[in-house]
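Shared chain: subunit A. Partners: subunit B in the first complex, subunit C in the second.
Our next item is the complex of A and B:
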């Protein structure tokens, strides 16, 4: 039997954000598969959709599915921290629909307009052409407004309740640079070296600092809910992680400055501090194992996705990042499929797994289930992870071939690039990536259908809560 | 038990952030000076009027760009303002056509097509594209290719026709020539620059 709880309005909005996020996750996979297919058959959809547009859709939607999931996570989790609904929910709802309209309009622009003449007008209306922030400036303004309203929802609530926990302090202080750094999505500096210097502030400090702190905070809140871990334990670990992330990650930005015209001291500083960046991620693993050993779980999928977030973050961001972060290796590995291998595993381990855990937690709590389990989530879990780690391994093989044949012995010219792309190791690597990509897509299909099925059961239960037993969702 | 006092660890987080950000700000001030146009590692835009090379410098154990004698681009010597306007247009074209979602510069971008950091120096222009486009200089071959890449396919991955005007293509070529002059700490490693590049009196950029 289930008893469907009433939700805070911010939690209702969170469920909409999770729906959007899961849909965007699917869109990202579709365009990833299209891009992967183009490596094998370059003529595939070449006329209507050049590789660049498939790639833009893949990586920009990657940012969006995670960002919307982060927003959903905080809208879901924070009312319990504040013991009340968040303020400014009318504006937050408007922002949600603005995001939906903007995402659809920008996708249509990328798919059907694609590019324009080399003028500022093109950057405002069509494409900014800067990796991860290709959205035209008008859309970037909408995103900035949306983030500003989101910051207001949280900070305004904290001011209203006059009671802030350690976790919410971390979240609030982290949202300020997260918003401020997004202002670097707009410039179009002529000097590529200066342009990339500041662009890396946006990308690195989002992905390797503010997002890391955000997911650490979200996981802290999840651990208290899923395993009843004590607040002192999660806050202590959160502070340790934040200290280590910032101690290593701030100057760890130097590993992006090796080859773009910056002074040589970045080779030493960037190499040293980014080599230490796995430390906080290792701390997160210890944290997860420590807490897992003490408490009983009520949500199997959320628990396993949380554990995998800790291990996956350490492996994908930590170990894979460490592999290529020292300048002596990075000189050959940078800008090859080796980097892509790291990128896939890092985003998945650090963020993808974490937000899936929160979504499972939300559907459990929204449905009022005492426990959540079943078999479908295990299939999704298995296929998604076999698919992702298979893709990571395949791209690693392709990237190593590139680093060796194109860079180390080929001389890095156009002909060296082409020769490396045609080596058996590279070709087999990108074929394997495609096959594992299909497995990943199959895992996604099961994940999405599982989440939809659980949500539908809870809606049915809401209609007749006193009489309906929910099969598979409350007994395992 | 260490978890009894989260405040201690919070103080650690705040102090590490403060120290690291202070160091980053100091390094940023210095770095911006070095990478600004005309800084120690990044030549002024008027470098497009000169011969540029890329050589293995034994004293540094790495490849470094060289700036040689006069080598006007498209037979024209650009003054400071003209060069800046041309390079600015080149950057706008690169962004408006999303070039870095197939290519990369300084290794950053996408990996579907070759890195462009030293593309200006690539011997392939002289070896393959000059005969193919029936032009006599590397710059003209690059312009012809950029305007109609679909007309000059080289391997299975064909560059799409992004409908660059002649002026836009020339601006991109100027941008790539300037980019090739930046000291990138030896990246890309071992790049075999066109041996026919007019070197003139070379001065290694350090």
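Our next item is the complex of A and C:
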């Protein structure tokens, strides 16, 4: 039976964030495909959109679709934790529209302006020039204000209710470095080594510390809803996971320090701690197997995407990361398509799968469905994963060829760079990445249409619940 | 380290982690389902991981410290699924009592 529940205002906002996130996911794929096509036909759209701009759009929108999904997830899940709506929702709604306008304005700048003369004006209005945080400074300030309001929404609510659960403690403590590290997007240092050092703090600690903790907390809340796992179990496991991830991830930052002039001891420290990272991920796999066997589910897609989050994290971050993290290997593999392969699989496993699970949970709860299932999500699940793991495998082959011919044999000269790009291993790997990219895009199209269809059915159900209850729309 | 040696080492390290994950997955599944066949597959996965470890330790040009680290990792891989599963069972048992 379909009964459409009333939503907290923060949950209504969450649905808007999820809509934005899914749209950005699509934009990321479009620019990924354009960049992949440029590897095969370098002249493709060369004049209006250079490769560097397509790449910027691809990776910056990657950060945005995940970040907006994280925000949507917390706006959706936290009212149940606090037993009330979040505070400051008027400001939060303003921030949402500010984000939309800013994203559109920055995208237009990247697509139509692209470059400036390298003055302060360029920094403020065109591009800050640091990978992943290229947005011009005015936009970075809007993002910082938006995150500050988001922190206020959560911390202010916790103060208002005077009751904080273990999961919300973890989320609140994690928001401090999440906001603080973003401040590292602002300094414009003239010393490249110092600039890279702090830039890695922002990128690495967001991805391998604060985001890991955030997705761990979100998945903990999802597990309680999808599988009725007890709070005591979820919170205890979350503390262990956070401790292990931070213990390995924080000093693991050293594995990025090979190319930027940091002291040599970082080679050993970074290699050692990042090589430990698969171990807590293995624990997560065991937990996923245990949960899959022990609990009943009411939301098939959310369940399978949550399970895949554990396995995908182990494969992408654990296995692919372990291949290249020891200093002797990293010296050759760092910055090749091999690391692109690791990046694709790790982001997908650690974050992409988790946020898709939450979006399915949200559309189920928003529509008031007792169960959610069907065939479309299975096609999306299959195509997205075949596409992603196919892309990861193809880039791995291309990256190995690059590391072997360009770095290990050719000594990283420009001639070796060009020669490596012409080897059959590299060329065929890049072609296969493009093919699997198309499969991934097809999976995305089905995913988006499935989510839209479920949301539409729930809207119709709100208008005429009695009719649809008889038809059982949206439920399986 | 030769160019080919570095590629082979990297592939070996990937399989080392992959077989470790397969062992953990199959061990947990065999314990939870009580299926002996899965248990054998888990043992086979750990044996494959150990074989890869042996090959990397004896044949690769990695430094001795990294080889010791890998041996320690290999031992940890053996115990993590067992300890984690036992802990989870206890945790769920006490969680169900408290909740």
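Rule of thumb we're sticking to: the second predicted complex is superposed on the first by the 469 of 476 C-alpha atoms of A that agree within 3 Å, B and C clash if a C-alpha of one lies under 4 Å from a C-alpha of the other, contacts with A are read in each partner's own complex, and residues count from 1 in each chain.
Here, a contact is a pair of C-beta atoms (placed from the backbone, for glycine too) under 8 Å apart; a residue touches a chain by one contact, two chains touch by 3 or more.
What you are looking at is a predicted structure, and each value in this text was computed from that prediction instead of being measured.
Contacts of A:232 after superposition on the shared chain: both subunit B and subunit C are touched.
When both complexes are overlaid on chain A, the residue A:328 reaches subunit C alone and has no touch with subunit B.
After overlaying the two complexes on the shared chain, residue contacts for A:267 are found with subunit B alone; subunit C is out of touch. In the superposed model, A:259 lies in contact with subunit B only, and not with subunit C.
Of the two partner chains placed by superposition, only subunit C is touched by A:282; subunit B is not. Of the two partner chains placed by the overlay, only subunit B lies in contact with A:242; subunit C stays clear of it.
Of the two partner chains placed by the overlay, only subunit B lies in contact with A:414; subunit C stays clear of it.
Between subunit B and subunit C, the partner in contact with more residues of subunit A is B.
Contacts of A:339 after superposition: subunit B is touched, whereas subunit C is not reached. For the contact definition in use here, the residues of subunit A common to its subunit B contact set and its subunit C contact set are 230, 232-233, 236, 332, 408-409.
In the complex of the two chains, the subunit A residues touching subunit C come out as 230-233, 236-237, 268, 271-272, 275-276, 278-279, 282-283, 285-287, 289-290, 293-294, 311, 314-315, 318-320, 322-324, 326, 328-329, 332-333, 400, 403-404, 408-409. The touching residues of subunit B, counted against subunit A in their complex, run 2-6, 9-10, 12-13, 16-17, 20-21, 23-24, 27-28, 30-32, 34-37, 40-42, 84, 87-102, 104-115, 117-119, 122-124, 154-158, 160, 162, 165, 168, 171, 179, 182-192. The touching residues of subunit A, counted against subunit B in their complex, run 35, 38-39, 42, 46, 50-53, 55-56, 114-120, 122-123, 126-131, 134, 166, 188-197, 230, 232-233, 235-236, 239-240, 242-244, 246-247, 250-251, 253, 256-267, 269, 331-332, 334-337, 339-340, 402, 407-418. On subunit C, the positions that touch subunit A within their shared complex are 1, 3-4, 6-7, 9-11, 13-14, 16-18, 20-21, 24-25, 27-29, 32-33, 61-63, 65-66, 69, 73, 76-77, 80-81, 84-85, 88-89, 91-92, 94-96, 98-99.
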